[in-house]
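Order of writing sets the chain letters: A, B, C, D and E. Residues in each chain are counted from 1.
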Amino acid sequence: MIVLGGLTKEFPGGVRALDGLDLEIADGEFFALLGPSGCGKTTLLRTIAGLETPTSGNIGIGGVDVTSVPPGRRDVAMVFQDYALFPHMDVTANIAYPLRIKKVTRARREAKAAETASLLSLSDLLARRPGQLSGGQQQRVALARAVACHPKVFLFDEPLSNLDARLRLEARTFLKRLQRELAVTTVFVTHDQGEALALADRIAVMSAGRFMQVGTPSEIFRRPANTFTASFIGSTPMNLLPGVAGDGALRVAGAVLPLPAGVSDGPIVYGLRPEYTDLSLSPRDDAFTGKVAVVENLGTAHLVTLESGDHLIQAVVPEGEEPAPGTAAWAVPRPGRALVYRDDRLVSPLPADGAR
Amino acid sequence: MIVLGGLTKEFPGGVRALDGLDLEIADGEFFALLGPSGCGKTTLLRTIAGLETPTSGNIGIGGVDVTSVPPGRRDVAMVFQDYALFPHMDVTANIAYPLRIKKVTRARREAKAAETASLLSLSDLLARRPGQLSGGQQQRVALARAVACHPKVFLFDEPLSNLDARLRLEARTFLKRLQRELAVTTVFVTHDQGEALALADRIAVMSAGRFMQVGTPSEIFRRPANTFTASFIGSTPMNLLPGVAGDGALRVAGAVLPLPAGVSDGPIVYGLRPEYTDLSLSPRDDAFTGKVAVVENLGTAHLVTLESGDHLIQAVVPEGEEPAPGTAAWAVPRPGRALVYRDDRLVSPLPADGAR
Amino acid sequence: GCGTDGGSGDGAITLVITANAISGGKNAESADWTKQWVIPRFEAAQKAKGRDVHVLFQPSGVDDEQYKTKIALDLKSRTGADVIDLDGIWVGEFAQAGYVKPLAEVAGPEADSWEGWGQIPTAVQGLGIFDGKRYALPQGTDGRVLYYNRKLFEKAGLPSDWRPASWQEILDAGAALKRAGVPIPIQVDAGTAMGEATTMQGALPLLAGAGAEIYANGKWTGASQALKDVLGFYRQIYTTGLGDPKLQQEAQGRDKSFARFAEGKIGILAEGDYFWRAVIEPKAGVAPMANRDADVGYALIPAARPGAGIRGQDAVSMSGGAVRVLNPFSKNPKPAWELLSFMHSAEATAAQLAGAARITSRTDVNDQVLGVDPMLKFVSDEVLPVTAYRPPLAVYPQVSVALQEATADVVSGTSVDEAAASYQRKLEAIVGASNVAR
Amino acid sequence: MNGAGRHALGVLGRATFLALVLGFFALPLLWLATAPFDGHPGIAMSVPDFTLRNFRALLGNPYALTSLRNSLIQAGGSAALVVTLAALAAYALSRVRVPGRDALLYVLLLLSSVVTGTAAMVPLFELATRLNLIDTHLGVVLTMSGGLLPAAIFIMKDFMDGTPTSYEESARVFGASPLQILRHVVIPLVRPGLATIAVWAVANVWGGFLQPFILLRDPDKAPGAVILYTLYTEGGAPRLDLISTFSLLYSLPVVVMYVFVSRRYGFRFHGGIKR
Amino acid sequence: MSPDAAGLGRGRAVGFVLPALVLIGVFLVFPALWTIYLGLTDYRLTGLEAAEPRVVGLDNYTAALGDERFRGSLWLTAQYVLGSAVIGQAGLGFSIAWVLRDRRGPVKRVTEGLVLLAWILPSSVVAFLWIALLDRDEGTLNALLHTPGLAWLLDHPMPSIIVFNVWRGTAFSMMLYGAALANVPPSHLETARLAGASTFQQLRDVVVPRIKGHVLTNLLLISLWTFNDFSAFQITAGGPEGRSEILPIYIYNVALSGGRLGFGAAISFLVLIINLVVAFVYLRLLRTRREDARREVAAP
């Protein structure tokens, strides 16, 4: 339903914020744009909304080329990172604002605002102004305003990043349910991989104005196509270690590991998630060895950082099994979970069938 | 080394931001203040720094009562949430600023700044201004400024919250190592329980100006003393369901569960972490039943939300075992992991020995 | 523009009168007379002649300078009222600028054959004459004298009927007053804060008393001996404690000097008849003196020495007066002239006085009204014959300022020669060296 | 010195400073508060023998009250014009890049300070004559506005620069037209700025003497500034009773307006030169 | 973010700016240009030169520059601007804003209200109040200080009008600095306090660098306004004997009382040039600092 063709945006200063993007987003899909700060996520969202004019390329929404259609006629609703609630209007007026622009009568738009507000449990707050609302409430008002005008597309620019950690988790579940119920195509910008994994049907990982990988959360989590994606995805940063393949083995950070199928000889980068790294306190073959530098409590588990020569290797160990800092330990890759990159492309494991 | 006695702070409007706090923080300890927005964390930190005058109670640092000592003489360093780097000074000048005020000669303070900067890998950035640094770099400069003047105490007010998700994780590990090396008593404010658990030696959970619980991360994670702490701690929100104990069983949200030792008859609140909730797709006894409402990808696992009558119950299921939304499922408490509260106090399990 | 737009209906014409007078202001009687006497009667008279004439009055109540500016701007853009009040001193500069024209040119020969001319003394007619042509009808004139406080004089052992014959006698009286403890024995306006009052009340009468006119035979008086005498006289007053130099510097100094005189703190004050009529007038004055007639004496301003004044006079004075002109750009010059001459008829002039005494331009009216006030009669009979007028030229105000500055200099202690030299320099810069007589 | 001592000293210093400031600013105003109610006001400030006679006397003056009405018309008209035009212009200048815009603003600002002076009187008058604006309120309003606009735009632009653009973008995505955005979003957001400009413009016009004096003919159109002048210079010696009373009446509307505006919309300034 | 957030576009932007520009053009730029032209003539309001003004070229300018009174007036104006605006208004305004920065409640409201009152009251009223305050014989100030007969306006005319103008104009600076101080993040000040910085050090290291833009805006505006401020006329009228004749009063006196409009216009233009120089110096200051910053960065 949203189609981008060769979309490029160059800012006057010469910054190429979007660099020839091609993408199709299906009807009703919950699509996340994920990437580090400055990679162009906001610019892409704003270009879809019509707030920025692309330097070249085109955008279609619902089968119509909207490249030169002004934002007000694209039938999209956007929730800004700072919510952009009008501080001088109360909640009702804020929610009803798009309808006011569409010249809906006052009575009808207030009814609609009340209805939308109740959907988002805001009924008690209708007469307040944004300044009198908590962050979470403001976020829901911003959503309500977007929902109230029944757009074809929702565009969310990091709507959760202003909430505190606890609220963010609740709002995330709430948002996901809401989108399921409304079934409106949604593009969601975030720099938090956890949010993207949890919410999205599909994710585009961006870097420097390009898509590094587009795929479902599990594809991206399990088979990150390049080291950038690999390091960006996961609630603990992936171990990425340089190594060499040869003589039927991988030599990585002092460990000699079995050579996965399909990896030819030569330098490689070895990727292993801390969650798939087991820790042993007794010497092991085919394991990384090092000294425990830091132990961080993750709640049900601990993240242990080993210092192994010049490299840091992290492993997640279950509750109660965490070693004391300073002890020697061995990090054992769980079989079949390692990722091998060459020239920054994933060479092992080979793609399974059926991956979209 | 830091001692608070009956510390109370009432703001002119009548807001009691701190309400009779007693606390001792040991030398070299990494202490986290954790709580939702508005609970008084910042106020406590600022009162320790001397930026707020307590309404009553007193503060000791290093054995000296500093209650009426001005901030500049308390020998503490604070890192603010916005870093408060002076935009018109370069990195060297920023780091050296406290030394300049202490009238250290230019040569000596520049040497000291360079030394501190190299400790925090900032050596290449010494001539830049804060506006030309990334968020992570700015955070390190702020740390360097705090470190450079060798204070007795570090005070950090959410120093990581301005970083993007990925950087935050890296900065966290870095901060923990730094504190270990310098061994300076540190008070760290955060609203992110993950951060508190990962970093702190001990945590104080705050709500409305009071300490709800003070303890080590694992004490707080395993045995939250009240439902507030229970719901606040954990990377997924704990399931907290009302129920009744009686007839040798617990009746909670339609399920009949075995009665833990030491729970007498009467109404209770049943707490169960999603991580300790297993999901079964076939009917089970002593399990909650419901329909899968939302499935969120957590990377190596999925968070499944069941709708069970009026209640929502969440469970974490391993990779590849997630059910489709809409299917019926059974949530099975892992034995011994449930927490039972009565009158908002933990009644089961009883404290193990050795817990502080 | 407004006013001169001509008819306000078929055949009906509108005439506008303007003056620096407004109800509730200093010249309220003039405003009231215009509105309540002139306009209805003139309109009625015209109606009787079968003409529909409408007259409007445009009042104003500001400083003369600002009024002048406004009128000049109006005339410059060829608009403005049909009949305009002016200070006589402005006639020359307005005429030079082409803002006003000789009456006969505007109104036709009727203007020269007006009955009133016969009633106006030639000297007074001079107020409206420039380059030998009649530009304006004079409204009246005034004269300057020395007022003195009889009570203080008595205290100082001075005659209650004081007739100084020379400047030295003034100084002597001042010294006597000072000895008697009078705070300010003599007040002769000086300095720039007093503005034109300094020139009119002080510098020019004294200059005349020293035998010189500021402008004569096409030349301006420079740092001549006469001027130095004048400055010397000022110096004697203000550096020997006979006068209060501070009072000369205050922005409201003149008003204050009025108040001080009324309070009995000033012995001798040089002022015009305005002071008598409007300031210390027992009932309506701004600084009323209940016993004015008994307590206040007045004397002619003596020449420096008997016979040393201009034209060999023993006494001198300066006069000014307001005039009315016709707007040369009037759409209805003839009716405007009728209105103007109507305003200057004996009947109208008498009505304007409304019972008060003051020196009008018309001898027939003066004969009727001045009898009631001995002071005004004194001015009319004794002062006007010896008086002089200021030159009606555009540069005069600047020369006047230069004179004021010269007096200010000596009051603040500069030597007479230095002050005179600096005056000479300024004067040459203003009028050109070739136009200055030494 | 210990911390508490130094703190106490600081508090004392501040209190003294504030007291001095209060005294300094209140002192000249006391006369205005007492003289109008004094039967025989002098220049000296004194406890009045309370009377309202002065007010009655003032009402007797035929021009006193109308002049206040005229002030209201002229000041209100100018403020409305200045605020409207400055808001539009400042918004456009703040949001659209126009080459040389800052230089232009500075030059206008400089010109405006010169042209309000005496020297420009002749050009202004002739202009007004040609445009048939002599003796009209409109003439006063237009000339005053022309002089106030550059500074108004300058100050207003700071406000506009300081408001986040996401509000406008949000409205724009909902389909609002630029004028709607201005009306619904920008104007309410910068209302304190508009209020500030309005008060400033009113205060300026309210006190202005020269322009209304040379442009108006009919004293029934003259504003308070001209009438006050009349009372002051025309009375021969100042009529303190009328002057003080009229001063009070004449000041009251601006004060009331300021209080109203600052209560209702806030009264403050914004930024500095940001570049 | 794109600055054109409302999607105005060039065309509409021009439409928005145009009405203001037209008004300014007709009632400001045009008279200004005319004034500049008048400055090249010997134009007077009355007299022969009114009928036929002659173009005299730069004569007015050479005359002005050669005139002692003009030079004296320029010097007085410099004192006036420096004393009342740069030091007085800006200094006092900043001090008040600084002391009130984190206060709430009646003290703040009353102080701000009084300071603002002095600003919004009509200048003719204010002038009268000050005359009453400073009067030699009955003035309130002499009564308060027990200095009867002290003629403030005569003996100290410049200090009097300088203090008067400080009283009159502090409000603007106070408000501007109030807004500026609100933009200084408290955490920056607190960082300095924690390091042990004194108030002066806090001002020097944290506040001033942060509000430099505001300081310059403020100085620019108040200097221009003060340079052209005429309200002192109503107090001293330039007197006594020209000892407080600052340029606007000088222009008034020569142009209106002396009738020399051409000369007055020329001086107005000189004032404009001086204003231009002042503005240029201020803007230069702003720019120099920024270039310093850039150079430092560029250095390896």
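A few notes on this one:
To be clear about the criterion, contacts are C-beta pairs under 8 Å (C-beta built on N, C-alpha and C of every residue); 3 or more make two chains touch, one makes a residue touch a chain.
Molecules present, by chain and UniProt name: A, B = ABC transporter ATP-binding protein; D = Carbohydrate ABC transporter permease; E = Sugar ABC transporter permease.
Values in this document were obtained by computation on a predicted structure and should not be read as measured data.
Shared contact partners of chain B and chain D, listed by label: A, E.
Greatest Cα centroid separation from chain A: this falls to C.
Ranked by separation of Cα centres from chain B, the top chain is C. For the pair chain A and chain B, the distance between C-alpha centroids works out to 24 Å. As a whole-number value, the distance joining the C-alpha centres of chain A and chain C reads 92 Å. A straight line joining the Cα centres of chain A and chain E is 55 Å long. Our note on geometry: chain C versus chain E, Cα centroid distance of 40 Å, whole angstroms. Within chain C, residues 66, 69, 73, 76, 252 each touch two or more of the remaining chains. Counting partner chains per residue, chain D has residues 121-122, 166-167, 169, 171-172, 229 touching two or more of them. The residues of chain A that reach two or more other chains are 51, 70-71, listed in rising order.
Listed in rising order, the residues of chain B touching chain E in the complex are 12, 46, 49-51, 70-74, 76-78, 80-84, 86-88, 90, 97-98, 101-102, 127-129, 132, 145, 149. Contacts from chain D toward chain C in the complex involve residues 60-63, 121-122, 125-126, 129, 134-135, 213-214, 217-219, 226-227, 229-231, 233-238. Put simply, chain C touches chain E in their complex at residues 65-66, 68-69, 72-73, 76, 90, 92-94, 96-99, 191-193, 246, 249-252, 256, 393-395, 397-398, 401, 405, 408-409, 412. Residue ranges of chain E in contact with chain B, taken from their complex: 104, 185, 187-188, 190-197, 201, 205-206, 209-210, 293, 296-297, 299-300.
Of all residues in chain E, only 1-10, 12-17, 19-21, 23-24, 26-32, 34-35, 38-39, 43, 45, 92, 95-96, 99-100, 107, 110-111, 113-126, 128-133, 135, 137-141, 143-144, 167, 172, 175-176, 178-180, 183, 211-218, 220-221, 224-225, 227-228, 230, 248, 251-252, 255-256, 261, 264-265, 267-269, 271-272, 275-276, 279, 283, 286 touch chain D in the complex they form.
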